[in-house]
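Okay, handing you the structure first.
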């Protein structure tokens, strides 16, 4: 009798399930280097702000760039569909829970105005910072040249799930090799979440990969499609692809873990898992003056027949400076993210992000189980 | 000293615990083929509607068949026991929680009227769709010939747990080899949940196997008997049996994962685990005009001394068309199931259900842990 | 450098984490044999009632014996300390939560009256049933001969944790080899929960082993001492000891899984794990007329300085007959336990308890995760 | 093609996830020896009281020392910054939740007064007990000689995470080899949580290692930094380091598991995992007369820009004597900790702490799953 072949399942891990192990050597936090190079640019904060309408507008991009980070402006969102995007953002913030998805489906069906692309990019450049913009794959061939002509510095091609090869009989898909030749800006592509898909993307010549499918708070991809990988495993897999690609090509392509972060602990774990940078949405949507006005939603472009983004109330927790650098009086890990990263690197004896990739991590039960149970048993 | 022999336990997995990994290649959803062949019939939707009284009556079977799916009418339920089943369904919907099990025990003790079998089948056929009916093993020898004579196209033999060999001293049990010769309709049999049991069923010559014991929302088999296997492992096991049986016989017998689904994500995972089709109960009981009138219960025939079915309030979430095809404004995965399946196949680069069987899956913590914790930590 | 030696931890499993897999062959429930032999006695129900004051008094022992089971009367409890135990039981049932532990410490400090031992045993024998009694190891040498003289049929030596060798400098401990010679009744000993401890107990010549440390609802051993093994692993381990001992001695010593049961599903799993019988406390304390009057507590003799038993309100769910045999209208697995066992054996194709020991089990997530999540997501 | 190298993650375990297995031999609790040697001192209770301001002041240190234990006075906290520390402790206890972290940041920015160090130490010595004090690494070179001159007996160098080698370009860090020569008191160092870090610390010549990073109730290190190891694995790892170091050096350096304890069960598990002693904070902060006045906070010195300690309300549960020795009427494992340890050692047949290190432990689901589910299912 033939032996049965059962499908095999590999175990994957999310932020909640791992913890960083302190090193045998420690180092002062002020001696850590956390610079992030993308193409020829170098950023002093290895944290990107998401290309989401509740996070990045012109004002936020300038403020964040001046602090050392990079915010990505979404070219498929309200910023390029409306002359006055603030009014539309106000409508979304003011809608009731039952009507907001329908409202967003309508808001995002307005056409993209090409003149607004140039207007927004030039406004950011006028602020004196590096300008990064993004578009979905279907719009990239059209919008990338317009963005470059307007002065954009970095281009991100981003959808829920993007692969190096997309099969379609209706249209000839986006070919990343061609895009890299058509524009001279560094190209970041995402999202992907597995070793093979990441390796194929890097081999097309692009300059950064966004990692993460389905883990974010404002994303219901996993509930709707069953698709997604927890971020620690996704990052570990894509880091292995990056390291292999470096060996085969001599070229280092940074990976940016995107989505699912809740606090500084999660951020530190992403770097220990192999990330060169992280991309945050919810945490920035909570800062004072963020365009979401206390709300956040995951997808720039809710699908008209199968929406997967949910608007959630995130509130306002502090200034952008506090979230990045403190000082803070809260102890839940939502503020002073840069300080947290440097401190974690210090206890791991990691002088650079590259050394942080070598920090040991263990699989550990979620902190709620152990850290909080005493209080629970007392109540 | 002799070495002790400890009983070994194998790990099994449910929907909550796995996630689909996107492929290296992606494909447009409109290029996916999701046809389901059963015997000589082909259905354009690989989703069956359960042979449960809260789901399928004549009206539902016709409406669903016209949309491309297959609903199974229960010959052991209220449809064949009462001239006016709607009145009885209304009583069940109106009963209090404390009295409903006793009421159902009484309702299902009324005799099956053979004339109603023909009446219901002919009404469905008059609607212009394929007619599938079901009976428990004990009633099959009597009811299958009656159903075939009345024009039924497909017959399902279904109980909580059905095996190819049932030992009884009182009566000679149902022999599937004999049934396949006695009637010419395709025979589906279920439910089973393990490699060995599924393989034995296929070897009797039947044409489809229903997979799933104990996972459904309206089924308390596991609490009462301790029996059941989570659906991902059950599907993987039975898919291995199907593939082996194909090799040994040259005959492809589809497996239909039945029970425990909560959203489109679960449905997509069942196909990635190896299902050729799925069978849904609760989700259809929630559609407008479903016979359960906002309620659902799992077993057609509550046992008089050891009932295992529970009536639960499921409410009404939308039309049958919305649940299948959208458009929808909800983002919880309860609507546009066909769109979700085609989209998931697209991100896995699967052009057919057979290719979807090869999609990678990982073991992942339940989405509530990671996807929702941000909100929780904010509240 | 020497290689470090890390302490190894073995994974263990509780009821919640496993499920029984249906067999390839099934059998009619009415063809299953569930007889339990202990010494020369045979019981038609393989379920013992605990030697706990909220469960077994003279009345319950007689009623349960007439139905085919065996209840064990606690010789260290209120039945032998008070002429009118019903009055004391009423005080415990009526005490407030904050005062009940202190009350019980006082109640159980009254002396055991030897004349009451004979009185209770003779009352049970007068009821026409087999009489089993229990004592803690420290009282056994004194009470066992008295019990035998009064007509007791079976003696249980029971404490939280009992080993074959107990080291003490103050007194010479109980030697089971000597006890087996001193009295002619079958001797059951417990509780133990591991392979080695069970094997040592069997080698002393005793006739049954009670399995289970720390899993019960009314027992806080694990919280106070950190000691305990989940019942599935405890049962699997002790079943391996029993099977090895049978090979080395030719003598079959039944194991009785004791504690932690919540429903029929758990009970069925214990047999599939290797139990010859189970011992229930909470479930019987919930029957009409049980001595606990709607309450239950775990230890007969709360320790004066380190109590580990908690009184919990269990309510009254039905008659003893309903709990054992049905008929029932509840679907939570709390009634018709014998029917559930026979049905589970049927779907596993097990004609006897010995065959049920061979049923396959899988490690599966707790039923609440999958079976109930649909309702949760709807609420 | 090169094989990808994925980062490996080791599984770690916390108190909740393990249970102690009773032994084949048992022993009377009164025959167990639980002495703890540190340097030339021997304590009759192997439980240290934390160097936290809510736990140890002069009064507590004397009371606890007379009972046989060792409390550590924090030289970086309010005791050495304020002439009247009780007044400051009252302010912290009285502050609102929203203002307490900011208040503590201010309170702990007052300077340390060297004269108060001598004053507190002499007061403790006058009480007739062994005096242990602690400081963070940055203050140790300055404070340790002062403490020794004032009569301190034992010195603890303690911060969240301490390593044998700390890299800093600004100042020459603390060298433990030099400290051990500079003072003649036994030196304890912590906290660490891994095999390698513990081994390096022992090799510097110090006399005790405090084990535990991030598990405590009042510590949010893991949420803020992602750093920490559950205590069972941390203890197992450091015990392996201790055993190896004993082999290579002939010197036995005790390890003290510090943090995360909720009850006697956790305490017993730490010893079974390899601890020579445990250090408790929350549990002592709950005793009558503790300096925290019903509150507890984790870090003596909240970081001005990245605080990780949270003040939590712990209440008052009983006297120090009750917590240590009983008698008690509560059954949740919060009192009679010494009785619990001796009892657990008894059921494991362990006559000494060294023998308790050999007790078997299993990985087991948290007690809430099994022990409490019956009540839940009844409510």
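When the chains are written out, they are named A, B, C and D in that same order, and each has its own residue count from 1.
Everything that follows uses one rule, which is that contacts are C-beta pairs under 8 Å (C-beta built on N, C-alpha and C of every residue); 3 or more make two chains touch, one makes a residue touch a chain.
Predicted, not measured: the structure shown is a model, and the values here were computed from it.
Peer 1: Enumerate, in label order, the chains that touch chain B and chain C alike.
Peer 2: Correct list: empty, since no chain touches both.
Peer 1: Specify the angle of rotation obtained when superposing chain C on chain D by their C-alpha atoms, rounded to a multiple of 5 degrees.
Peer 2: 90
Peer 1: Interface overlap for chain A and chain B, more than half of numbers shared or less than half: same or different?
Peer 2: Interface between chain A and chain B is built from largely different residues.
Peer 1: What whole-number Å value describes the gap between the mean CA coordinates of chain A and chain B?
Peer 2: It comes to 39 Å between the two C-alpha centres.
Peer 1: Any idea how many Å lie between the Cα centroids of chain A and chain C?
Peer 2: The computed centroid separation for chain A versus chain C comes out at 55 Å.
Peer 1: Send over the residues of chain B in touch with two or more other chains.
Peer 2: Within chain B, residues 13, 15, 263, 332 contact more than one other chain.
Peer 1: Sort out which chains touch which and give me every pair.
Peer 2: Applying the touch rule to all chain pairs gives A-B, A-D, B-C, C-D.
Peer 1: Which residues of chain A touch chain B once you look at their complex with the stated criterion?
Peer 2: Residues of chain A touching chain B: 2, 4-7, 9-17, 101-102, 105, 160-170, 192-194, 196-197, 200, 213-217, 219-220, 222-231, 233, 260, 262-263, 282, 304-310, 312-315, 332, 366.
Peer 1: Give the list of chain D residues in touch with chain C in this complex.
Peer 2: Those residues of chain D that touch chain C are 13, 15, 18-28, 30-31, 195, 232, 236-237, 239-241, 243-244, 247-248, 263-269, 272-274, 325-333, 336, 339-340, 343-344, 347-349, 351, 360-365, 367, 369-375, 377-378.
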